[in-house]
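There are two complexes below, and they share chain A, which is joined by chain B in the first and by chain C in the second.
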Partner chain A sequence: MSLLSISVKPNRFTAWLLSWFLFAAGISLYFYTAQKRHQENPDDRVVPTLAQLGAGLYQAAMNPDADEEPASDAAGQSALERFRSGMLWKDTVASARRFFYGLALLFPAVLLGLHMGLFPYFGTFFLRFILFFDKIIALSVLPILFIAFGIDELSKVMLIVIGVTPTIILDTFNLTKSVPPEQIVKGFTLGARDFDVAYRVVLKQIWPRVLNSIRLNLKPLMLFLFAGEMIASTDGLAYRIALLRRHMGMNIIIPYVLWVALLLFLVDLTMRLLNKRLHPWFREA
Partner chain B sequence: MVPGSITERPSAPAMLDAEPAADLLIRLENIHVSYELADGSRKKVLDGIDLDIRRGEFVSVIGRTGCGKSTLLRLVLGAETPTEGRVLADGREVVRPDRDRGYVPQRYSLFPDKSVIDNITFGPEVEQFSLLTRFTPGFYGRRREFRAEAMRQLRRMGLHESDANKYPDQLSGGMQQRVAIAQALVMKPKILLMDEAFSALDPGTRAGMQKLIRQVWRETQTTVLFVTHNIAEAIHLGTRIVVLAKDGAESSGSKVALDLTVPSDLDEEFAKIAGRVEAAAGHSRLDEDE
Partner chain C sequence: MKLRPTLLFSVVAALVLPLAAQKPAFTVGWSVYVGWNPYYYMAKSGIMKKWADKYGITVKVQRFDYAPSLEAFVAKNIEACAMTNMEALDMPAAAGIDTTAIIVGDYSNGNDAVLTRNGVTFKNLPGKKLLLVEKTVSQYLFERGMAMNGMESQIKRVHLVNTSDSDIAAAFIADTSHEAVVTWKPLVSQILKTPGVTNIFNSSQIPGEILDLTVVRTDVLNRTDGSGQKFAKALTGAWYETMGLMSANGADKVLAAIAEGSQDSLQSYKEQLSTTHMLFTPQAALQLATSPEMKQKMTLVKTFCFNHGLLGESTKSMDEVAIRYPDGTVEGKADRIRLRFEKAYMQAVSEGKL
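Here is the complex of A and B:
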């Protein structure tokens, strides 16, 4: 039977091997290319070697931004203190703050979607507008946001709002609509009022799926955050990547990119595990 | 009595004859239901239904698929409004579902996110404690009482205490419906509306559920409106049978084709009634699923 047949399943070891193969191949190809390029040009900065990446990561993690004045007692600082005053930590904190502001703003979006799905007047009032709003390319309104809100935090948070909230509102709206009407009627026959049905019957049922929807939108959320930071910011992970691009600082850019991916992976994993833990009844489709 | 209907009026039970007005629980007055189709025409579902249901009756509603029996139940439930006519429950017009009318549908009868015990206590909790007051100290004392009552209902339905913390998807179809009945009964509704509640169950489980609901009805004397397409089930369970059928053309809506009281000496009369019901419904087996 062909290996590409639908009915052929790889055994445990083969599955493990296959799932890690592309990682191994990518890493091998990278270091092979780095070695080749450094043989030809020892000063190559485009594909840094492992040692250069390590040095770059150490520099980003343990040293403050070059524009900052060094602390007077820098020599006496512990490794943890040096890490916390390093640019990687400070950039991470700045981006994380904006990220969580954006994430927090998704919760009103969930409530709006829920009410639109349940209360016909709410739905009629908002749906057409949100459908239109959803079609606006968030990055195209970036100049307008900078003019309207300035180049500080608010414009970056607004970019996330415009970019991600319509999707979350519409996802929640559709999830609400997918709750069987029997469940809503049942709620009323058990003495529930409108808001009890909304929050104690419907929201509780759709909540794990809403969390999954938010998880799937973490990347767009980060994308809009990065766009804002790259264009107008004085700190943050994307600001640093954009700044180092001018100096060809690939030895720091690559660790930064991997750090962002790791952080996003951890946020996603945490949400997935929390979802599983908090909703043992939920079976993913 | 019923304009345009072909209703055969039942001889009401003797105990209800004395004070018919006081015993009247549900009244459907000249009910018409029609829906607008995509091409702008209207499809009639119910066409002039008049029906009175008295307290303590077990009314089985049967008819062919699409005859409007579930629509009739949803009208009594308040989940649907008639195009014409009105539904009265305890003298008040039904405008939406409420706690006086318990509901056991065929599917989605339990909240999937709640355990068995939480499904049963949901009604009492939500009725007495709002979203905010459920976090007050008094809530926890009352909650213990609700849970004790829920456990009593659970045992009455033939379930074990060990089932209390299971989620609906960990239960069989029959167990789910037992919990759904307990969930509805804990609210002490005036009428229990069951929409094809046993249709998805295997024959053995179905027979057990029929026995259970009959026993529950005898003990609680709760009025039951039971929609089914199974003739044997309708006759076996009901004290009264209402058959819905179209009167002639396919485009017409359903009317009450037969409305009769099932005598207590069921065994003798069973075959005779089954024959009459089949004749009135215009089909020998309706949509038997067994």
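Here is the complex of A and C:
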């Protein structure tokens, strides 16, 4: 039986078929359930049909939020203008801004981790505290966060920072420590100064691994962003989902969830390609 | 996806165990709220079991968070659920689930409130941020307050911040840059302890508009074996027996046991009861359910739901989600009745016929 053999090589067609099988099964099962439920109850909102999902997506993409003050020139806009004033785009922009602030704040974290790994005074000063801080579940001390950062934009970004940066700092620290000390000594004997060693010898070679670590942390980052938007907000992708749950708007929630998945996939893909491009010598992932 | 194996299992069970006559089983879902906590006592004290046994059925009383309880009801995982008149309209009824309210338990008489700091009133709310759980009775209360203060045209100028009910008290208390919040008890009581916060509008100014109901799926009531009817009777019977104990003299012991259902103290529970108009007797509930004002108030709530798209984006007219009142009149299209107020069970209790 070759199914349980490690050394088999499925042909192209089989591989293609197998890799799409679970998608096809999931989609079929979904639409079968949708059809079944709509036969029993034509107004069912829990499992919308394809037509309803399409209508939901169109409505979300092309129409502004019904509770907003209508724009003065709502009529006569082009499709692109309507999309840009639609609720999907506005929510995406709001969430994306928070996401990239959070992401940008991971880079100081990388530098801190590097310095902690290389410079003993930095290490002793920060390491113990960050090890402790890393274990704090930020979501359980929300009232303290509210006092410190309010409940507007800052608190959402800070929730991401508190949730994700300790992991990145500690991971960079470990990666720094894993650089063979011989290389550092060699750098010094070749006349490098401290910062040359830090940035041009160590950082340079751990950078692709750090990028991979950030890629792995995109999902926690997104989780903290969603948690923040669900706690208190006026816009954003998770805000919309939280609101639509109030009246079972699954016809819009499902397109939103798929949209978020697509965006996250694209960010991850971009980072992977970037990593490959910047570090062609790196072969691990 | 879970449905299939369950179905298969029940088919197999039906074939294998034809003789083991199972008692029909039902589940009623409730969530923590002053007017629904009696369910906790009803189950714990054995009152529910007594009534279920009398009708030869099994009734499970299950505690949920509010939103999941609604979702479970809409997904048909549970047969009965405690919810407000507004959610009965915008969750099951709008999702095409024909729903019958068999008990009108109470109405909010101050439990829901608009609170502000720094002396902010409805007049200067426009342009400010307001914390609340959007698209719920909180938003309804806020809009009614604005309307009653002549500010209806300014409603859209208030910036609503959708805030989770689990964090809203902490958020408002901690972040003093926000000046207004709408929420419900016991959160209201917590927030009011903060210096400088005042209650500018509450549900006692719109009595009878925010109703707390126990609803059953109509298809359950219409089951041909009559078990759904038995379920409704057992539930109503047990409910009013509990209500009787709650309202009797020296009921502190019962009230303390009910308060335990939400890990509340007797004192705090009594404080919440003082702003809840409990309809302890079936007569009181019947009187409210059959009054002409009831229809006007339901129309207000339905209009709110429709204006905010809560009846579904595809619902083009309010008449597509019709309400049937106890006197048989229908508001909306007769072939699209989705919410029914049924007085038979409350009446049977009041006449001692259960």
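Rule of thumb we're sticking to: the second predicted complex is superposed on the first by the 280 of 285 C-alpha atoms of A that agree within 3 Å, B and C clash if a C-alpha of one lies under 4 Å from a C-alpha of the other, contacts with A are read in each partner's own complex, and residues count from 1 in each chain.
In the analysis below, contacts are C-beta pairs under 8 Å (C-beta built on N, C-alpha and C of every residue); 3 or more make two chains touch, one makes a residue touch a chain.
Given the structure is predicted, the values throughout are model-derived calculations rather than measurements.
Aligning the two structures on chain A places chain B and chain C side by side, free of any clash. When the shared chain is aligned, no partner comes close enough to touch A:Pro120: not chain B, not chain C. When the two complexes are superposed, the chain touching more residues of chain A, out of chain B and chain C, is C.
Angle at chain A (Cα centre) between the Cα centres of chain B and chain C in the superposed arrangement: 150°, in steps of 10.
In the superposed pair of complexes, A:Leu29 makes contact with chain C only, with no contact to chain B. When the two structures are aligned on the shared chain, A:Ala66 is found in touch with chain C, with no touch to chain B.
In the superposed model, A:Pro181 lies in contact with chain B only, and not with chain C.
Once both structures are overlaid on their shared chain A, chain B and chain C have a minimum Cα-Cα separation of 43 Å.
The touching residues of chain A, counted against chain B in their complex, run 180-183, 185-193, 195-196, 199-201, 204-205, 207, 279-283. The touching residues of chain A, counted against chain C in their complex, run 29, 33, 41-46, 52, 55-56, 59, 66-69, 142-143, 146-147, 150-152, 230-234, 239, 242-243, 245-249, 251. If you check the complex, the residues on chain B that touch chain A are 77-79, 96-99, 101-103, 105, 107-109, 111-114, 122-124, 126-127, 130-131, 167-169, 183-184, 187, 189.
The part of chain C that touches chain A in the complex is made up of residues 1, 3, 67, 71, 74-75, 90-91, 94-97, 129, 131, 133-136, 156-157, 159-164, 167-168, 170-171, 173-175, 177-178, 308-310, 312-314.
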